[in-house]
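One chain, subunit A, appears in both complexes that follow, with subunit B as partner in the first and subunit C in the second.
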Partner chain A sequence: MSETQRVGEVIESSTTDFIAQCYELYELPPLGSLVKTGDSDGELYGIVYNATTSGVEPGRRPIARGKDEASETAIYQSNPQLLKLLRSEFEVAVVGHRREGKLCQYLPPKPARIHGFVYQCLPEEVREFSQSFDFLTILIDRQLSVPTGELIAASLRQMGKVRSDDDRGHFLVTAGKELAILLSHDFNQLKAILERIKR
Partner chain B sequence: MTPTNNQRLGIVTGGSLTRGVEVRLDSSASVEDMVVGRYVTIYGRKQCFLGMITDISLGVVDPRLTITPPDISDSFVAEVLTGTSTYGTLQVTPYQVIGGQADAKTKGSQPVKTIPSHFSEVKLASQDEFEQVFGKEDEERFHIGNPLDMEIKLCLNMERFVERSSGIFGKSGTGKTFFTRQLLIGMLQKSKAVNLIFDMHSEYGWKGTDEGKQRFVKGLKQLFPSQVAVFALDEKSSLRKGLTPDFVVRIGYDEIEPAVMALLRQTLNLTEPAVNAVYELHRRFGKNWLKNTLALKGVDETKDLLGELSIHESTFQNLKRGLAKLSRLGFLQPQASGDTVGRILGYLEQGKNVVLEFGRYQDITSYMLVANLLSRRIYDRYQERVEVAMAEDSAKPTPLVISIEEAHKFLNPEVASQTIFGRIAREMRKYNVTLLVIDQRPSGIDDEVMSQLGSKIAFSLDNDRDIDSVLSGVSGKGELKTVLAKLASKQQALIFGYAVPMPVSFKPCDYGETYYRRFTPSKTDITKQAEQDIEELWG
Partner chain C sequence: MSLDLGKVASQVERMIATLKVGRQERQQHLQNALDTLSKQADQVSALATKIELSKVTWLVAGLTDGVGGHYPPPPIPDEFAVLATDGSHVDVDRHRSPRCYLINIGAVTLRYGSSPGATLDSLPYLYSGDEEMVIPPSGDGIQEQIIEGTLLGIKRDVAECGQLARLASGLPEAIPAVALLDGTLVHWNLVKYPGFVIEALLDKGFLSYLSQIKRLNNNGRQVAVASYISFPGSTEVVNTLRLALCPHRVLDTDRNCRDCTTRECEAVVGVRDRDIFLRLLEPGERSDLFISRSEIIKRYGEHQVYFFYLKIDDEVARVEVPRWVAMDEAQLNLVHSLVLDQCRRGQGYPVALSEAHEQAVVTGADRENFWQLVESWLIEEHLPSTSSAKSRSKRTRWL
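And then the complex of A and B:
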């Protein structure tokens, strides 16, 4: 695993989700991107569905500091402690795991471990993972803090990005067809997602 | 079952044996590529079925799609929704089981008694599968055309075809005559049966006309000079066409029996009493009734006779007018020389086909008169010979097929019981005589006769009653009706019934130079054959 792809560390975990904190402020993986965490037992794959940046101490809100500063960057330069007092976190929906080399798109037997490193998946891993669309079922069934349609569209866009132009078109159509079957009861939701992933 | 490499169309999702099965199309198969009447193979778990597409429909999973349709100008959305939220379905009627069962390989294809299970794969039928059911061109099978949209030869078992009476129907200009010519060639080549053709419009004997291309096409005699004899009612017309007929048909007054007059009642405009009067006159004068009746001139003479036979004056006038019309027919002569029936039978016995050209006598009166008169006597002879053969346990006479046109005039419910053709159609096989009926108004033909026709070939028909009557008594009538109604107005037909294992809509072969070449050996072949013969003769 390449160190450069490391984006954070798990700080809270459950079977369906985990929350990771970024090492650097604002160094968040994009919405819908595929990340993984794991140990020698195996790896867990998840899709980033929410991200927050807030103060380290709960209940203590940051205050506005830029009145006399020329730019936003200047605020951070004159208040270097900010980088330590603020933190960026992202929430990940678990959508699959790898056990004994086999990629499975359903929930893992055990949740992620706290302090497990979280890595952004490499393009080839994303391509491998997105060969199957079973993960869409998990996303559709979840009640998340972000609209499911938005999240699905974002993740498909991310998966499309790692493909060549020709391949992307085919990938999105196949994904769209899968969604059309899964969302056969909800045409409006389907239409909204299709609008968002259009080439 | 091992599916072939043909494109997969979809899977079976429901259905029943009576209605046929429903096939949901895959998104990769376009509804617009499907054609009613096309053949598909359904690969069930244990058996493989050959069926025909009988209906095509569209479906949506969510009715909201039809209320607020998506923007199909966006190709992405359209592509995604095709085959998923919106899909096509086919109605397929399975007809034959091919392969699968242990005995299917030995017995060939079998009619279906069940349907394929859920989610069986459906593909377009391949040439092999089609041939398993219809067979290849061989000693008995004759290539009659190609199934619609398929590059496969459709072959008809001619021996089986001639075993029962059959019919060719279609409105005028659909290609009935062209196809009949091909069928006759088929019978001539691949079956033991001989044909007697009552050729009303002189289309089959020496040459026929191609209305579309304004040219002449070869008739049977030109293609098979040694196997066909042309009889003519009107030798002048035949000579004009460049053919010397083998025999000129003349019919003597004494050959006309009262039963024939009953048939001609409508065409001669005779009243019912006038027909009865014919029987009276026949009783009185015997065989020469027509000659004597026509000779009656003097009022006194007539009066006495009419009184004696209790025939009313007006009835007699009506009869006279009818008979006068008859006597104007050139081929009717007071004293005919030559035994037409004997000559025809002679040719038939030699295995030669006989075409009777009507020349200028294209009116229905002549046609009905001659066809009935000759057929009745030929049939009687056949009956006699078959009975003798049965008694002596010797060989039966060569099977005979009588081809008649405008059949609704002979076989309509009013006269079907009286004409010989009604009898042939009903009692047919016993005496080795069957009919080939060519007609444009099948609804005019007696139901009983229609139901006796073994194989039927239907070209495009407009009238609902005609379609119903052609399909009467056929299982899966509703489905076939859709197929029949969608036939192109020219050169497309549906064949079903006794001679074929399942209905097929097909396009007959083109009749022209290329077609002739199938039957006329090339010069090199002839030379080779001659050399071989010489070799054999002289060693």
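And then the complex of A and C:
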């Protein structure tokens, strides 16, 4: 795995989700982006579906500090401890895994390990993963803290970004057709997603 | 059933009523104290002589240049660092085995200026060996001193100072810095202990760490040390005014006070130093320097403790410094300006101390988790884990 793409570390994990903490404040992977974590047994793939930045300690709420400061940067310069007392976390829906070289778009046999490093997938990995749309079924079936339609649209936009202009159009049209089948019972949801991935 | 607030309420009502009645008298005493302070401003050397010659049972502040002076905050340097440590501990629990105690030190370095940054650390130290549970006697003595309760609190203060010295020596560059401790530098409560305890904790501990910090001040490097007391309850300056009000040229409280009928000194009774300086100082200003005359200070040597009061906004704090900081104008100004700056950044309390406290704090839940960790380890190693029936009763409540 590439060290340069490391975006965080798993701090909470279940079969369907994991939460990762960023090493640097606000250095969050974008909504809908494909990330992975894993160990010698294999790799888990997931879609970033939520992100938060809050105080490290639950009982300590941040307070407004900028009344007499010229800029947001100045607030952090005047209060250097803030960078150590705030943390950014992102939540990931597990959508697949790789075992013995084979990429599977269904839930893995074991959840991610705590303290597992989380990497942003490289463009070639995203292209490989998005050759199949089976992961959409997992996302459609989930009840997440963000609207499912928003997440699906965001993930398809992220997957489109790693393609050339011509390829991106073809990819999004194919995705749209797949969604038309999966969401045949929910026209409004389908329409909302298609609106959000239009070029 | 725990505390019955219904039953407490009527007692609170009586307490508040008593406070209300005494309010006018306290205001008058405060005005008397301010008037006395004003009158003494041009008689400082006479008052200083009276302090030196008198024998008083109350703790009186020694004088330096004046009593009623106030000094505006000096400018803040462009680049500086503030260090702070604070501590918390888990005391020996005689209801559990094994005998051990834990000291947790919070250590903070905040760097301001062109390269701002922060390091926040929590450093737990577990003590359990026979030699760690006592202070051994020196020479031919046989009676060792067990470390627990008050003495553990003092050992923790020493550990905080030790960590502060390590932080100060690790400062990466020669930028001016203030190293802060919470509470007093005056370890007056050591007086009641045998000499070998004072030697171990004060001479070879606390004071040696202050010396380490002092030695860092060379080749133009500036590292001042200070301690910060929020909302101080001390009355040393007021006691100095009591002495000033006393008509005896030289006072011996044991001889003169018993038969005294005029009681001039009672004109300022009930007033605290902070009440005076809250009225006297403008926000950001510090008072004159005073000297602690606590019995234990005789051992402090070059670290003899000086103090001043500092008005933040609505509060007066007491800041204590060793003599080598008090006597160096640049260091004193650095302490004044940076402590004030820290308070303003920290909603009225030095932000470095506040964060050091957050790093150090051991909550009730932490304490219980610690003991559970110890006990589970004992069980895993097939060692007996015994605790008293009282301890078990507190942990397992039943009907």
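The rule is short, and it goes like this: the second predicted complex is superposed on the first by the 199 of 199 C-alpha atoms of A that agree within 3 Å, B and C clash if a C-alpha of one lies under 4 Å from a C-alpha of the other, contacts with A are read in each partner's own complex, and residues count from 1 in each chain.
In this section, contacts are C-beta pairs under 8 Å (C-beta built on N, C-alpha and C of every residue); 3 or more make two chains touch, one makes a residue touch a chain.
Keep in mind that what you see is a predicted model, and the values were worked out from it rather than measured.
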Superposed partners subunit B and subunit C on subunit A - clash or fit: fit
Contacts of A:Lys110 with subunit B and subunit C, given as first, second, both or neither: neither
A:Arg99 touches, of subunit B and subunit C: first, second, both or neither? neither
Touched partner set for A:Leu190, first subunit B, second subunit C, both or neither: first
First (subunit B), second (subunit C), both or neither touched by A:Ser78: second
Which superposed partner A:Lys161 touches (first subunit B, second subunit C, both, neither): neither
Partner chain(s) touched by A:His170 [first = subunit B, second = subunit C, both, neither]: neither
Subunit B versus subunit C, judged by how many residues of subunit A each one touches: B
Subunit C, subunit A and subunit B - angle at the middle CA centre, rounded to the nearest 10 degrees: 170
Minimal inter-chain CA distance - subunit C and subunit B, angstrom: 51
Contact residues common to both interfaces of subunit A (with subunit B and with subunit C): none
Subunit B-facing residues of subunit A, complex: 172-173, 176-177, 179-181, 184-188, 190-191, 194, 198-199
Touching residues on subunit C, where the partner in the complex is subunit A: 108, 110-112, 116-120, 345, 347, 351, 355, 358
Subunit A-facing residues of subunit B, complex: 27, 61-62, 64-65, 68, 70, 74, 76-77, 79-81, 83-85
Residues of subunit A that touch subunit C when the two form their complex: 57, 60, 63, 76-81, 83-85
